[in-house]
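Each of the two complexes below includes chain A, the first together with chain B, the second together with chain C.
Here is the complex of A and B:
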């Protein structure tokens, strides 16, 4: 205030002559700098993949045998034009909710499932409608479903929640998605292991604890990290299930 | 209970306490400490999400007003003193966090191939 001749910017008046060059430089640097930073950060991100809710397919309704791995899956015995017989679909409820309580009483039975598909390559999940509209027992005897043991494997990759990875979120994996993934897993959404290279032709395996138990608490620490681990692999229809051995988990450096 | 469950439980407890504070403050407390808010109700639900998050601050400010310890000019002194430092630390901190994240993040180990350690027969034995 001591120098009454120093230029002073007032928003609703023309910029003082002495400040115009300074303001122009600041504007150009600021706008281009932010644009450049945004571009650099965007380019540095991993490809979120092509997973998505397939509302464009419409509601999907199929019949199959319900299995608990312990996470619920349905082995399709009577599919439709999009879901073939013999496919295995992981199942989830709305949001971050599982269908465990609905599915457990129907384990091993012939059921009808209905909902919307999430699709990412060979990874498919069905988000069920609410109540009996989404899951109900049907008449008939459930056929005996085969499970093929594929031995013990050492794999490298990442533990994700199957729903976000399949397309509910973009990105549905990576460290930025860890908290979301853990919330889904706490809700008993089927977890998935993404492998660095295909196992028996599959990049995604449903992952469980040892002996077909739920994912162990120690695994939550390693969600979204790149790790290696060992476990027994089995094939259920077109879905591979990895029974992880928690003691073998190592973070890949 | 693993750490993830503990964090989730902590957030739920925090939000539940916040809900109780919001219910009491927005129905009783606000009228006691702000005469301008008396008789105005439509805006109060808009404050619920904020109270859920910062309910300890709400309780503290409520106590300060109720106990007559409020000196309005003091409220603005700390933010004014901190303006310059915060203005500097914030952008630098954001840049450091982003750069640290980019440096520390793992590289997808695409070169590690799956290895079959044993066949199904060996596992069953």
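Here is the complex of A and C:
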């Protein structure tokens, strides 16, 4: 119930004199409050990491042996000033697309790959150019590449898609990014396991299903979660590959 | 009040309201988008698309929180009623901000694959059986859908077309939508935050909405309980000496409806307390130019008939009333909307003489 003493606001009439100061204060509080919240929330963003597309390096072209883990990697045999011989690069196509159909016929062969590097610490991926410009067989016999078995490990960490994590997106990991990561993995972008404790000096491992199969469907539910799992680890050049055992996955948090 | 429908019936207060609202929103976005990055010490910046999505998403949440605080604030303190007046413009602006947030997400996280991005939004994450990693996007989709529906039906035309009760029920969907936004944020970005400033602001905003609604509900409940205690066959309103000319007393009737009894120039009249526009509390208004004026949007009614003055067509129910000694009493059976009821003269109360 209103009374004689309280000011009465009617929208299409001038605001009562007694309300004007109050409304002025509300306006100032509202505008300055929103500006303050914009600042507080804007500066509360976490560091997305240092991964990035290295367009500044220019196009990289190297020669090596193509291996399918089943995700395609190239073991560099003839590098350049940025990519050393003996290095192993994970490979992807443009966007969230794999190069599986292009790479499968060339498995085990000597190939030339060309594209742009994505780089995050010891995680490196090469996004190939389209068609034969990005991947083509070269003359010569592929040398025998060594794969070192490092035994069974229990690791804690997070399954990510290797491309976003390497810098295609910042941030490229976490729950808010899970659907994007799943979409990349459904496109056969190489998946990566980020460990909380380095394995043989590596924080990032290419992760596959058991016995070198693709990541099992059950693993998609655990993408971006903090989990622990067991698997066999092998070294291919400077890249570690974790063959996960799906039955051992436990959600840590 | 309306005779024919036009997009917006502008007036000075609406201009001021919108300018202040737009200034606040523009400042929030400007500071978040352009000032904040310079203060971050990240080696490499957050992707512009993600940064923009966060800015617009955070802004939409803050706007929705403010909008939902206005209602209970106005119930608790009538000085906040002017904020209610043009709230629908605030709501419509919120929808545009929320759509911008969704567009950035859709065109970034769900783009670049061989699948359609709208389809990808639905199939990329199907972990519905778990809390960690739950596809929180569905909560955002629900909230955005509701907000779009509410914005699209916010015009008075839709209230007339759908009828006020139906319209009101549809617009109560704002509460599930807000809960959905809370779930969207809680199961999404909040899970990743290392810096807890966002968490504190988010929880603070959501709690403010909840607490203010609880306080307003308790306030109304106390008022209703006091009114109910006085209810009877003829419902006793008050002693006539308690009434002020041009103002009303509100009472709860046994039916659950509220009646507003006005003293107008020495005569008593009673009409429904619910405005035909948006159920605004007519008894909390006052008589201006011989017409009861709603405190929410200024809709006006003749206190003796419950009819808006021509050419307007809104009507509210009226009530019969009597004086038992000095006690004002109301018949709880409402008359059909727009029914004229002869006002009851208050003995000894001077009435204005009509000019000869």
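Just so it is clear, the second predicted complex is superposed on the first by the 207 of 253 C-alpha atoms of A that agree within 3 Å, B and C clash if a C-alpha of one lies under 4 Å from a C-alpha of the other, contacts with A are read in each partner's own complex, and residues count from 1 in each chain.
Here is the rule we use: contacts are C-beta pairs under 8 Å (C-beta built on N, C-alpha and C of every residue); 3 or more make two chains touch, one makes a residue touch a chain.
Worth saying up front: this structure is predicted, and the values here are computed from it rather than measured.
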First (chain B), second (chain C), both or neither touched by A:41: both
Which of chain B and chain C A:225 touches, first, second, both or neither: both
Which of chain B and chain C A:186 touches, first, second, both or neither: both
Touching partner for A:145 - first (chain B), second (chain C), both, neither: neither
Partner with the higher number of touched chain A residues, chain C or chain B: C
Touched partner set for A:217, first chain B, second chain C, both or neither: first
First (chain B), second (chain C), both or neither touched by A:30: second
Which superposed partner A:68 touches (first chain B, second chain C, both, neither): neither
Which of chain B and chain C A:6 touches, first, second, both or neither: second
Touching partner for A:52 - first (chain B), second (chain C), both, neither: second
Doubly contacted chain A residues - partners chain C and chain B: 41, 44, 46, 175, 182-183, 186, 220-221, 225, 251, 253
Of chain C, residues touching chain A in the complex: 11-14, 20-21, 23-25, 27-33, 35-37, 39-47, 50-51, 54-55, 58-59, 62, 66, 78-83, 85-86, 108-115, 120-121, 124-125, 127, 129-130, 132-133, 135-137, 187-189, 191-198, 201, 244, 246-250, 283-286, 288, 293, 295, 297-298
Complex interface listing, chain A residues touching chain B: 41, 44, 46, 148-157, 175, 182-183, 185-186, 195-199, 217-218, 220-221, 225-226, 228, 230, 232, 251-253
In the complex, chain B residues that touch chain A: 2-5, 8, 98, 102, 105-120, 122-124
Residue ranges of chain A touching chain C (in the complex, touch as defined): 1-4, 6-15, 19, 22-23, 26-27, 30-31, 33-35, 37-52, 94-97, 167, 169-171, 174-180, 182-184, 186-187, 220-225, 251, 253
